[in-house]
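The structure's right below; bear with me while I get my questions together.
Letters are used for the chains, namely A, B, C and D, taken in the order the chains are written, and counting of residues starts over at 1 for each.
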Amino acid sequence: MLKIALLGCGRIGRLHAHIVASNPGSRLAAVFDPVPEAAVAISNAHGVKTVDNAEAIFSDGEIDAVIVASATQTHSDFIEQAVRAGKPVLCEKPIDLDIERVRTCQAAIADSDVPIQIGFNRRFDPGHRELRDAVVKGEIGNLLQLIITSRDPAPPTYDYLRSAGGILRDMTIHDFDIARFVLAGDEPVEVFAAANALIDPSIASDPGDNDCTMVLMRSASGRQVLINNARQAKYGYDQRIEALGTEGMLQSSNRTPNGILRFGTNLTAGGTGYENFFIERYQEAFRLQWDAFLAAVSAGKTPEVGFNDGYEALRLAEAAYESLRSGRTVSLSGQ
Amino acid sequence: MLKIALLGCGRIGRLHAHIVASNPGSRLAAVFDPVPEAAVAISNAHGVKTVDNAEAIFSDGEIDAVIVASATQTHSDFIEQAVRAGKPVLCEKPIDLDIERVRTCQAAIADSDVPIQIGFNRRFDPGHRELRDAVVKGEIGNLLQLIITSRDPAPPTYDYLRSAGGILRDMTIHDFDIARFVLAGDEPVEVFAAANALIDPSIASDPGDNDCTMVLMRSASGRQVLINNARQAKYGYDQRIEALGTEGMLQSSNRTPNGILRFGTNLTAGGTGYENFFIERYQEAFRLQWDAFLAAVSAGKTPEVGFNDGYEALRLAEAAYESLRSGRTVSLSGQ
Amino acid sequence: MLKIALLGCGRIGRLHAHIVASNPGSRLAAVFDPVPEAAVAISNAHGVKTVDNAEAIFSDGEIDAVIVASATQTHSDFIEQAVRAGKPVLCEKPIDLDIERVRTCQAAIADSDVPIQIGFNRRFDPGHRELRDAVVKGEIGNLLQLIITSRDPAPPTYDYLRSAGGILRDMTIHDFDIARFVLAGDEPVEVFAAANALIDPSIASDPGDNDCTMVLMRSASGRQVLINNARQAKYGYDQRIEALGTEGMLQSSNRTPNGILRFGTNLTAGGTGYENFFIERYQEAFRLQWDAFLAAVSAGKTPEVGFNDGYEALRLAEAAYESLRSGRTVSLSGQ
Amino acid sequence: MLKIALLGCGRIGRLHAHIVASNPGSRLAAVFDPVPEAAVAISNAHGVKTVDNAEAIFSDGEIDAVIVASATQTHSDFIEQAVRAGKPVLCEKPIDLDIERVRTCQAAIADSDVPIQIGFNRRFDPGHRELRDAVVKGEIGNLLQLIITSRDPAPPTYDYLRSAGGILRDMTIHDFDIARFVLAGDEPVEVFAAANALIDPSIASDPGDNDCTMVLMRSASGRQVLINNARQAKYGYDQRIEALGTEGMLQSSNRTPNGILRFGTNLTAGGTGYENFFIERYQEAFRLQWDAFLAAVSAGKTPEVGFNDGYEALRLAEAAYESLRSGRTVSLSGQ
């Protein structure tokens, strides 16, 4: 039974708190948030203490591991502090919006073997994982093409967009990681990106972002990968992976909240909308991600999704932005 | 190249004329209908002669085979005449609404080996047939339960209902045959039926019919069969078979006129309506039925769907009506 | 926060204990099982006390409500004791295998207003409930036909069968209740049943049961209902409802553990198996059932699924057995 | 009733001959092929004359219109001859593999108003067309992203590949046209392409082609279009279009030869393979394409799919090849 501290008590923090509390292998022991009300809410719900500053957590000998679910710009600092304190850490993505900061963090923790897991929860979605495992086992022969579709139900606020780092760092980052997950070592080496503000053209000037993007990548062995993202899908949160191989195809498709199908005039077998958003769609993935973290920490093993995965996904986002600027394929070589 | 005469030039007659003309193994040579305008329409469309009476067809040495698509009460007479004339016949279902007339017809043709095929076209539907063949081959182990769903898009006219012989003889007759087709020799021996006028309650008194029915049958070996019919399905002509076996399940499901799927607010993957009605849904079945008839006649073989199949389906309808009257299971023994 | 005692610590008891513990509105306070090891297992897992006899629970002023998840023959006694003690009770189905015992229990509690909820959890399945609510709201016009499919993945043991009361009381009982749920007051008044031992013919003699059944019912207003059950479906636990109305159709279809679809030689869009069995398939329904019980008890309201629903489902099972014996429709009049 | 001559009697020519003969508005009157046996086969099947050279057709006053289904390098010559002879022409795609030849042909016929239709049959597929019409009508709001999937069941022969002009001119050409069809005037102005020989790497050197390609385009208004092609899909000929809009999504999905679904151990609702290849999948589209040609010629109207559409699709293929060479987006401006 590991005693867990939570840094960051917003929406995603509350989800982590609930998962920690529901897991027989972990217990929530302390929470911190610079906004005291946020911390108190979780404190009350779970009957745990709040602390006044993060340092109180890192110096607390009772705490076995920490979850970093705070604002992005604090992630690298907290990772470094956790490593210095010898506390395993599950850190939400991205590590930082500035890849240089990620590199200094990487250097700072280079000599440590404290377990670090980056919160790419989608890797733990049962469907996505079964697809990946089947690809790796050769069920569809040699993988040829990978198409990742990821669309949000509705755009975020302008405030959110202003601090999110751009669609490729904020949204596509998950798909860069899923691409690497399915490619399983055959790393993307070429990136080409297109992006536009089509849903809400006004965001192009301020906050200066796009809301639709397609990224075409090629792996070291020549496999073709397409990611397509949109910030709005009126029919719901759309999360699909399609893998074509020489011997067949696999799709990890959407989940629905119930199995209702409607039939009427000019309508057959119409489903209702999909699971609302990532909290609902990936709730099982979040839970399994936590199982995996606990298992790795308990066994003293390196987590399956490590710091370097966070770094590589960001590298692909950087390459995609460079492609947007240049209108050409950007090649990635060794880091 | 067989020369074919058509008796009966209504809607189903026109379909047969088109199929005969499109098949390289047959040629339409003469048509007859008591309503001259109906005959002339097909005559003009296909450039064939009309005749003034059916006898002119049976005595015409040029005619190799006949299709009986005339009013139901003429079927038995035409079958007997065709047999006397030695002309193979494809006769639309049912043979007659009066099972006694079917028995006298059966007796009258008992000594003949002129090929007779009854128009249970659904047996030739590629999906239904693949289901049946897979069941017979043991793909789902031992067959346990069979559920046949057959619903029309909209009710027929009162005029039609007055001469159709009742829902069980007019509509369920196809499903009785499909049940026997899939059971492949393990004949139904018990029949229980429920029927109601629910869609249009006024038909209960006049024409005196029902529009929803469920028929539960048991085969000689104990397998359970459910047929459900309704005269109205706003989402389209609904034609499905489900076969449960000890090792798996098979469904022969509906066909759609195109592959369009719609996604919108509270809607995912909604199809458009199904193929409009039997002419569209079973057009391939009608065509393959004709191929089978030509192949049997050419090879001098007994057609796969014979007179006795027409008789047995009607026996099941009679048993179902008896069950409606008595409120109990009706047992069928040897004929 | 209601304090809950659990009577019966088998598989279903463990599920209830977990649900009680996870719900912020309830807390598990005591457990009892005649097999001490079973009680201790839950006691340890949840940190609650065990008691030596059921009476200790009913006399415990700290206990706010009880869950009866013990052997069927104890249900009626426990309900009566709970009512005498003034403790609301959620009791697993069936109330008793002997309908006379249910009637004496009914009489014994007739004057009480202690909330009693019978564990027909499937009513709380989001899909089934959405179908029922849509039917009641008239979304498909007037309901015409209802087809309920319920098949277990694999047969139970002979030992289980010997004490289960027969397939119609043990398995179909859920579907009788679902039929009543969807019919929403238009009660079934005619029952016809067929049943066979087809999967394992040897059970016909001992334990003396059947493994495939179809039950055809008619409601007071003439609607047709078909229930089909099988004790084995190799493709998984199959739970479907289909409702045909004058204006459309609704299906509550199966759930899959992930969204994987496979495509290969002669295979397109093949899903993996369904949710394993009722614990997995209806886990959300069990949880929502508990929410509903807590809400009713807290608000002092009569639970939505009451003692009478348990009685009526059993009455339908009795009628179905009578139909099996007589080979005819059994009419149900007022109770 | 138009009298039609067919130039080119290979596989696609036979299909056209059959369609012409089956259509009440047209009659096959003459056929030509440089390989006499090919012409004789169709001549015999349809009872029409063969001629010794194409000129005999263009000078035949009896011929109302011509179909060009001959080798690609003859298309432009035949179009020019047909125009000089004043005979409407339906010409198979592509007009020529050399875009310069297409331009000289375009110049040669510039002053003519003889109807010319290019054989982009997929525009007439009922599903694809319904999708396009719905997009144009605004059913999904403003179109954002378009994903066109087109995969052959198995690679062609090396001989075929040597004369086909490369995957982008031979296979993707259809998808370039479909993209333009759905975009409905919002022309693609940027093209980026990736292509690899992944299925059969040996074709990279000889015939010097690729077998997997992804092409990412942007329209004048910024919409994003992805085409993905593969020369092999073991599960069958895969033809899909997905259109995402601000208000919803539309998919034109695959067709299956029957409605069979299989359920077994670890398998639910598995379909059989799709329609075999383009002859089967697009048979209705070929037929409707011919209807449209006849209607345009009869009404003296310009066909919906004209010479310029053939030219524009080839321009996109040329741009895609240029992108392959340069690794960057290629911009198309006015022609």
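In the analysis below, a contact is a pair of C-beta atoms (placed from the backbone, for glycine too) under 8 Å apart; a residue touches a chain by one contact, two chains touch by 3 or more.
Everything quoted here is computed from the prediction, not taken from an experiment.
Under the contact definition, chain A and chain D share the contacting chains B, C. Summarising the inter-chain layout, the chain whose CA centre lies farthest from the centre of chain B is A.
Just to note, of C-D and A-C, the chains joined by more C-beta pairs in contact are A-C.
In this assembly, the C-alpha centroid of chain A lies 40 Å from the C-alpha centroid of chain C. Centre-to-centre spacing of chain C and chain D amounts to 58 Å, using the average Cα coordinate of each chain.
Chain A has residues 233-235, 247-249, 254, 262-265, 267, 269, 272 in contact with two or more other chains. Residues 22, 125-127, 130-131, 134, 140, 247-255, 257-265, 267, 269, 272 of chain B are the ones that touch chain D when the two sit in their complex. Here chain A touches chain B in the complex through residues 233-236, 254, 256, 262-274, going by the rule given at the top.
Those residues of chain B lying in contact with chain C across their complex are 141-142, 144-145, 147, 151, 190, 192, 194, 196, 198-199, 212-214, 216, 218, 222-224, 226, 228, 230, 232-235, 238, 244, 246-249, 326-329.
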